[in-house]
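As structure tokens, here come the structures.
One chain, chain A, appears in both complexes that follow, with chain B as partner in the first and chain C in the second.
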Partner chain A sequence: MIYEVFRQERKGQPFQHAGSLEAANHDFAESYAKEFYGRRGESQALWVVPREAIIEVEDFVDELNRNYHRVDGYSLKDKLRRARERAGSALVARDR
Partner chain B sequence: MNEQQFLEHVQSGGQVETTDWMPDVYRAKLIKFIEMHGNSELMGVLPEREWILRAPTLQRKLALTAKVQDEVGHSQLIYRVVEDLGKPREQCLDDLISGKAKFHNVFHYPTKTWGDVGVIAWLVDAAAIISQKALLKCSYAPYARIMKKICWEESFHILHGRDVVLTLMNGTDEQSELVQEAVTRWWRPLMQFHGNPIRKDEDPMYVWRIKSQGNEEARQQFLDGYVPQIWELGLTVPDPKLRKNDDGVWEYTEPDWDELRSVVTGHGPRSQDRLDLRRRARESSAWVRSVVLEQAA
Partner chain C sequence: MNEQEARSLLEIADDELILGWRDSEWTGIAPFLEEDVAFSSIAQNEIGHARAIYELLSRERGTTADELAFDRSPGEYRSARIVELRLPEGERTVARHYLYEQADATRLERLKQSNDPAVAGLAAKIDREEAYHRMHAAMWFDRLEHEPRFTAALDDLQPLLDAGRDEHTSELQELWEEMTMVRRSQPVGTAW
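Presenting the complex of A and B:
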């Protein structure tokens, strides 16, 4: 069986993909992973996951073009310029 | 995506994962390149293995054993990458043992003295790490990722090699002579190591961005990094033409490319002995593999 190995370098850091290994069962997978990715104390922890247990999601279709929950849905530059212009004239009017 | 778009993708720094579409020609080039790397790690332990029992101290014996373990570990990781590309490890080993697949030139030569062990770990590993660092940006991402670990471990090997060499150079005249003889023996294979100076835009491995530098670039980097280190110890490099020009480019005697071709096609001084050993080891350890698989089933 193929296993994917993710390693955490230091406590608190995210686990990152390190590589894969082939092992006959979970016990062998655990011991191979230790030898491959933890022999010199370079890992704080490892996640050893059967490849087939990983659900891969790659397509993200935005059918309704919901830009209101993304930064590109908000273009403030022009509105801000106009608002400043308006405020500027208001300011002049009050000072008079 | 078509082949042209894929080429543009990798040439502009894009990377590819195992499950992504890739042109057949790219896949074939990847397998060939990575498989040879795996073979070299596996065959590369044999010249050093010969010295485990003859290492001068317990500390050296342990360090050498650890280096051998590292290199075999690298070959396991690398064959795993080849396997995901479609060629099973068993088939890689079959092709290696039958002489169909190649491994690096430097592993076809004998190790005559403890001086060779130091020079291999220092200079051969230095030459190798230059090639391997150029794979950290490989367009095939799974290979680039395992290369991080491999380069990290290789840096210990260089330290180990320098330590062996410096200890000998601080020893008796006879000991420093061992180092000089080894440098003299290894110089030609080292100069051939990075391959012929093919232009990088004509090198398919560069075109597909499997590696990120040309052969001559790698050799110049090796010379620039290590010739001064060799000279400062009072060692001589056996090439009267070797010098650094004003423009920073190293000049050297043209390496013997026929010798390189002949050695890597299995005609080196130790090619057949080492393949025989690998063949015997595979046969005699077959029962271990079958027991493990049975137990696990």
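Presenting the complex of A and C:
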């Protein structure tokens, strides 16, 4: 059976995917996970999860390209640049 | 430490050194990667235990851990015959692992009760790592206990665990040659 292992480096931090391993049962998985991801003191906790238990989602439909749902949908940098350009040419026009 | 404890410690150190060496022969060729890593780690631990015990003993004897580990003749080792065997069969290696860890637990338990704090402390430290080895051995036992090849290996190896330590297998001689080869060669300019 394949297991996915997640490790937490320090208390309070999110668990991150560390890798996967093959083991005959949960006990072996736990012991191998410790060897792979905990032996050098690099983790303070592990989640060992049978791969079958993971629900994978990978289709994200966005037919109408509604990028305004996303933070990066608005490019503030571009808007600022354009605003500065407008303001700059307005100042130039006024000075004339 | 009393004489009995010193004798027992030397037996454990020799067992752990030689078993660690034998177990490490699986490194890179174990049946699958996860077990390769786990078993290699156990082998490393055993050699670490041997070193710690040799260091403790060498302080009492005014020598060094390396001298104790490598400068004796094969006949002077106090290892049990079961650890000396080269076991290229997986089921026999696991059977030895299981038998050895059980016997090892008993003698460590005794040393943990020592009046000498250095002995009791080291035994306790080693035992905390051995607890993991015992878990590993128990998992394999649970998986293989109904496999005829495994039970046959247990029956076959048990007598070697109980056999005395005065006589050794011919395989110890071969292992000793390998184990001490670099040290005996004394390349020019080396200081150990």
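Just so we're on the same page, the second predicted complex is superposed on the first by the 61 of 96 C-alpha atoms of A that agree within 3 Å, B and C clash if a C-alpha of one lies under 4 Å from a C-alpha of the other, contacts with A are read in each partner's own complex, and residues count from 1 in each chain.
Note that in this section a contact is a pair of C-beta atoms (placed from the backbone, for glycine too) under 8 Å apart; a residue touches a chain by one contact, two chains touch by 3 or more.
None of the values given here were measured: they were computed from a predicted structure.
Upon superposition of the two complexes on chain A, a steric clash is found between chain B and chain C.
Once the two structures are superposed, chain B and chain C can be ranked by residues of chain A touched, with B on top.
Once the two complexes are laid over each other on the shared chain, residue contacts for A:85 go to neither chain B nor chain C. Once the two complexes are overlaid on the shared chain, A:36 sits against chain B and chain C alike. Contacts of A:19 after superposition on the shared chain: chain B is touched, whereas chain C is not.
In the three-chain superposition, chain C clashes with chain B only at 278-286, the remaining stretches of 8-16, 134-142, 224-232 or 278-286 being clear. Comparing the two interfaces of chain A, the one with chain B and the one with chain C have residues 21-24, 27-28, 35-36 in common.
Against chain B, in their complex, chain A makes its touches with residues 2, 17-25, 27-28, 35-37, 40, 42, 56.
Residues 21-24, 27-28, 31-32, 35-36, 39 of chain A touch chain C in their complex.
Interface of chain C with chain A (complex): residues 32-35, 37-38, 41, 132, 135-136, 139, 143. Those residues of chain B whose C-beta lies close enough to touch chain A in the complex are 19, 73, 76-77, 80-81, 83-84, 89, 142, 145-146, 149, 152-153, 292-293, 295-297.
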